[in-house]
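Take a look at these structures.
Paired with chain B in one complex and with chain C in the other, chain A is shared by the two complexes that follow.
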Partner chain A sequence: MGAEFVQFSLTPILIGIFAAIACALPGNFLILRRQALIGDAISHVVLPGIVVAFLVTGTTATGPMLLGAAGAALVAVVLIETVRRLGKIEPGAAMGVVFTALFAGGVLLLEQSDTSSVHLDVEHALMGNLEQLIWLRADGWGSLVDPVALAALPPELPRMAIVAVIIMVLTVLFWRPLKLTSFDEGFARAIGLPVNVIALGLVATAAAAAVAAFDAVGSIIVIAMFICPPAAARLMTNRLSMQVAWSIAFAVLSAVLGYVLAGYGPIWLGAAGSVSAAGMVAAISGVILLLACLFGPARGRVGVAAGGEAP
Partner chain B sequence: MAEISLVDTRNALDPASPLAVRGLTVSYGEKPALFSLDATFPAGAMSAIVGPNGAGKSTFLKAALGLIPRVSGEVQVFGRDVDRVRDRIAYVPQRASVDWDFPTTAIDVVLMGLYGQIGLWRRISGQYKARARACLDRVGMGEFADRQIGQLSGGQQQRVFLARALAQEADLFLLDEPFAGVDAATERAIIDVLKSLQADGRSIVAVHHDLSTVPDYFDHVMLVNLRRIAEGPVRQVFTAAALSETYGGRLGATQIDTLTLQGA
Partner chain C sequence: MGPFLEALTFQAGYNAALVAIGAALLGFAAGAGGSFLFLRKRALVSDAVAHATLPGVGIAFIVMVALGGDGRSLWGLLIGSAVSAWIGLLAVEWMVRRTRLSEDAAIGAILSVFFGLGIVLLTIIQGMSRGRQAGLEDFLLGSTAGMLFQDAMLIAGGGALVVAAIWLLRRPMTLVAFDPAFAAARGVNVRRVDLAMMGLVLAVTVIGLKLVGLILIVALLIIPPVTARFWSQRAETVVWTAGCIGAVSGWVGAALSASAPALPTGPIIVLVAAGLFALSLLFAPVRGVAASLMARRAFQRRVHRRQGLLALSRAEPIHDPLTLRILRREDLIRPDGVATDTGRAAAAKVARDERRWSIARQLHHDTALTGRYDGLTPIEQVFTPDEITHFDAAIGGPNLAGGT
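What follows is the complex of A and B.
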């Protein structure tokens, strides 16, 4: 693993890892709140947000993109509450209506406006461009301490790293409120926690993760990482802290294994070329989930003697 | 004399009461679930809230805690707004609406009751863990400390949530049917725990369905069915007339007789 690895594989793998962690962390709480699909929904609502932000500012810089996506997420949350109250329907249905409508609006906006020159096209939105986030200026591991080479890092890397670190810090800081409100909202309310603010904060964090990752790696990875690593992790343990740790491990494993298999797998199999890294990362996370479903020690309700007995 | 006239006594809820409400009206839709309810629970007492299914008992506790909005009325806990004394209240909902698949163990749930004292960021020291375990022991759940909560029976789950309330070391305990689904021996154990809380000077307000044990367990009772039917010391207000009014004639006369005679 020499210069070539650093040049062509190191940065995409790192970006994939950070994106996976950034999505998997809030995903843990979303699946426990039975809101797993909100990850899916957010990555839909992110689209109109990004398009509007692009139309207004004319750039694809992260700042406006994040603002646009977060704004869209907020609009969506407010709309969901309104639809739910006025229509007196369940949250899932309200979510479906609002996000589908917003996504459709986003697609229409994309087609109407001339954004085709920018990399906002739909295929990009789905698959991202992980393979292209390479570090051409690097000429070996020494580049990691070479300021000139570092300055030429793909900007997605520091961006995704910062978002991932912020999300990790937030998760640690708000661990107890998140745990409490996810487990027993009534109790959280009774001891005076601002339950709605925490719920909104979680969705906003998920939205931030989604938009940062969406820009770098596409929405397939976003959707997969919100659900698969946390869901698989839940089947490994009956403790929340362990679940979150497992989910990070699975997210990292998916990112690394997915990228490597996409790049080298076909060659090992004797075929030419490679397959989409984003697709492979998502597929690996799916395989991990499948394995956890079959062999996870805390599968609890499905089948054999419950796994949660005292160790 | 002149001084007294400055204070409008009709408007002052008893500040010594752990829970006092006046004119409490709550509605989920068009029809109210509670209508213009007045109540003053005495300090240091075991109080029961009694009434048929759908009478608004759970609604009363939730509204008192500010968990659901009220249409009108006033609520005071220890003479103050409930938001200012949340750390002095412990609440056990009827059949907790929690996620039973949540990755958490019995001891973990009890520790949640200590979050108020530990704070949101401080490390959970061994001292707190020991306290949580002691609370589990008090409700006879010590041996299930490391069980995932979904893998406990209904009665055991109920006891874990009672243990969490104990851990809160509150001055006012609001318990929504603490004996629902627990066996006779456990009911006895829970009553002993509640009595010892009372001996410590804490106040308990519990929704209770078993009319035959009301006079045994409680000092004070509120009969409710949409409105307050009666409220006061059990001896005075737990009468045949009040009960038949509360249950709208659905209790047989002989049934009521045995109940109220037992308590006398």
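What follows is the complex of A and C.
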């Protein structure tokens, strides 16, 4: 746990943790509202967003990329709602139509334009580049208080940290309305809460988390963190505050364990190289969810004994 | 358009023709198979199935290499993908049945975890000495570049089998898709039919891996059924229409992609299907946007016409510009707003029917009849002529002022 750890592993792990928390927090409410797959849809449409941003600006600078991704997420949410209302189609199918079509458009644009010279491809958008977000200027734990070394931190770290903190603050500020609208929309409407605005705000927050995280960690982690930690947490407790706490714990555990296993696991097994950290984080969150499904104290439906068959 | 027409008529070379035929059959199987899933409101389960194929592909490759093969046999890879997709599918079912998680959460969890696992396996394979040229990434987005005759036969034969299975199972699957509780009461094993439905989706996914790739095969399972739904209200028609829409998308998409470089087959097929969807959304009769806009306009005109005539009959002034325009166009009022003879006659009829309705509501307490009063349905469509004569008797003749 010396200089090498600080140089090569500390920043990716921290970025992974912040990304996981930023996604898991809105994920809690999305799961309660049965909108879990909106995260999946958003992370698919990020690809056309960044391709269009690249074609318009000609650079792969972070600013335009994030703007493009956010714009695409907005377009996707509006399109899904339009298709659902105009075509009177159930939400799942409307989502399926919109995000696959937009993703196909993104792949086509990517193939049509000359992007071979820049680092922009489908696999990058899927897997991210967590392993490459290293802190070369660091030479030990002391660098954490060294302003020169701190200035050379990968820019993804402060960005992801700020997004995670903003989402935490939003969750605390809007705790009561979020809780009410997620559990009993009719009641929330009756006491005068702006239910539609809150729903839109939640989706927008989820989109912001997805867009900020995809660039650093890729879409796989984003989808997995939206769903797996909150779903596992939902099986642990009946209280929303406890569920959110569990989900953060699970998200952090997945990020740390996933990164460590991806980086050092093959070496411990005697093999060379490492495996995809993004994939491993998703896989670990799946293992946690499996354990929660098997042993979580609140895994059964209300009125059914834990582990029993649904009526 | 030259190369495109050539490809469309299978003249653009052996490989392109193979791809076009395979894509059309795959599109048909996907559209028809996806319809039941869509009618059952479980369209996105296919997303979990598709993503769950990836670890199977990786494991099959590793196993085949360990057994001394070169690991690229399409058969082996597809069997591996089918096994892991089946495991993913059972995992979704298990989570929904045994825990309180809803289906969308289970779908999202399985798709992200299996996909992540698959990516881990792909990075392991890239580290293997034989893995560098494995080309397993092609399964993400499909690739028709190196398609062999066997591959095309596999797609065509598999597609035909799926269509045959759909035809055999169409009755129980329709029943379950519409009303699972009723199907269960009729003695249909709902869970088994559901699994059969999923099995067909899984077969389509596995067959389509090579051509469209696992991320976009979902589109072929969802977009054609949603599109077909605009054109018909009958389940069986929706299924076969969806099949045809899928086939056309596959065929036209494959031809387009063969006609120019840098047009990847899978995305093009999906975009053709999305184009057909957009056209149907806008222009389909009855359920399309244009049709419902026109129906709304027609309704609005009828309401305004009636309100205008009622106002005429009571000699009230009309201010609404749309009402004035409609009445003028039908020559019911003169440009200066005074009623014409036809206008007066029509107004008198509207006022008389209004009286008849109010009598009808006093005499009939049958809301099934009087409840049809919306001001627009002609009274002659609801009551028989002698009933109307009866109402007219109750209205009575004109009363002279001061009595007789």
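In this section, the second predicted complex is superposed on the first by the 297 of 311 C-alpha atoms of A that agree within 3 Å, B and C clash if a C-alpha of one lies under 4 Å from a C-alpha of the other, contacts with A are read in each partner's own complex, and residues count from 1 in each chain.
By our rule, a residue touches a chain if its C-beta (ideal position, glycine included) is under 8 Å from a C-beta of that chain, and two chains touch if they have at least 3 such contacts.
Given the structure is predicted, the values throughout are model-derived calculations rather than measurements.
Visitor: In the superposed arrangement, does A:140 touch chain B (first), chain C (second), both or neither?
Guide: Neither partner.
Visitor: Mind working out whether A:283 is in touch with chain B, chain C, both or neither, as first, second, both or neither?
Guide: Touch status of A:283: second partner only.
Visitor: A:234 in the overlay: touching chain B, chain C, both, or neither? Say first, second, both or neither.
Guide: Both partners, chain B and chain C.
Visitor: Between chain B and chain C, which makes contact with more of the residues in chain A?
Guide: Between chain B and chain C, the winner on chain A residue contacts is C.
Visitor: Name the contact category of A:201: first (chain B only), second (chain C only), both, or neither.
Guide: Neither partner.
Visitor: For A:92, using the defined touch cut-off, is the partner it touches chain B, chain C, both, or neither? Pick first, second, both or neither.
Guide: Second partner only.
Visitor: Between chain B (first) and chain C (second), which does A:71 come into contact with in this model arrangement: first, second, both, or neither?
Guide: neither
Visitor: Go through the superposed model and pick first if A:297 touches only chain B, second if only chain C, both, or neither.
Guide: A:297: touches no partner chain.
Visitor: With the two complexes superposed on chain A, say which partner A:105 touches: chain B (first), chain C (second), both, or neither.
Guide: In the superposition, A:105 touches chain C alone.
Visitor: For A:192, decide between first (touching chain B), second (touching chain C), both and neither.
Guide: Only chain B; A:192 stays clear of chain C.
Visitor: Would you please give the residues of chain A that touch chain B in one complex and also touch chain C in the other complex?
Guide: Residues 34, 234, 298, 300-301, 309-310 of chain A touch both chain B and chain C.
Visitor: Of all residues in chain A, which touch chain B in the complex?
Guide: 32-34, 173-174, 176-177, 179-180, 182-187, 189-192, 234, 237-240, 242-243, 298, 300-301, 306, 308-311
Visitor: Under the stated contact criterion, what part of chain A meets chain C in this complex?
Guide: Per the touch definition, chain A meets chain C at residues 31, 34-37, 39-40, 44, 83, 86-90, 92-97, 100-101, 103-105, 107-108, 111-112, 122-123, 126-127, 220-221, 223-224, 226-228, 230-231, 234-235, 262, 266, 271-276, 278-283, 285-286, 289, 293, 296, 298-302, 307, 309-310.
Visitor: Looking at the complex, which residues from chain B come into contact with chain A?
Guide: Checking each residue of chain B against chain A gives 65, 67, 83, 86-87, 89, 91, 93, 96-99, 101-105, 108-109, 112, 115-116, 120-121, 145-148, 150-151, 164.
Visitor: Could you please specify the touching residues of chain C with respect to chain A in the complex?
Guide: Per the stated touch rule, the residues are 38, 41-44, 46-47, 94-95, 97-102, 104-109, 111-120, 122-124, 127, 137, 140-141, 215-216, 218-219, 222-223, 225-226, 229-230, 262-264, 266-268, 270-271, 273-274, 277, 281, 287, 289.
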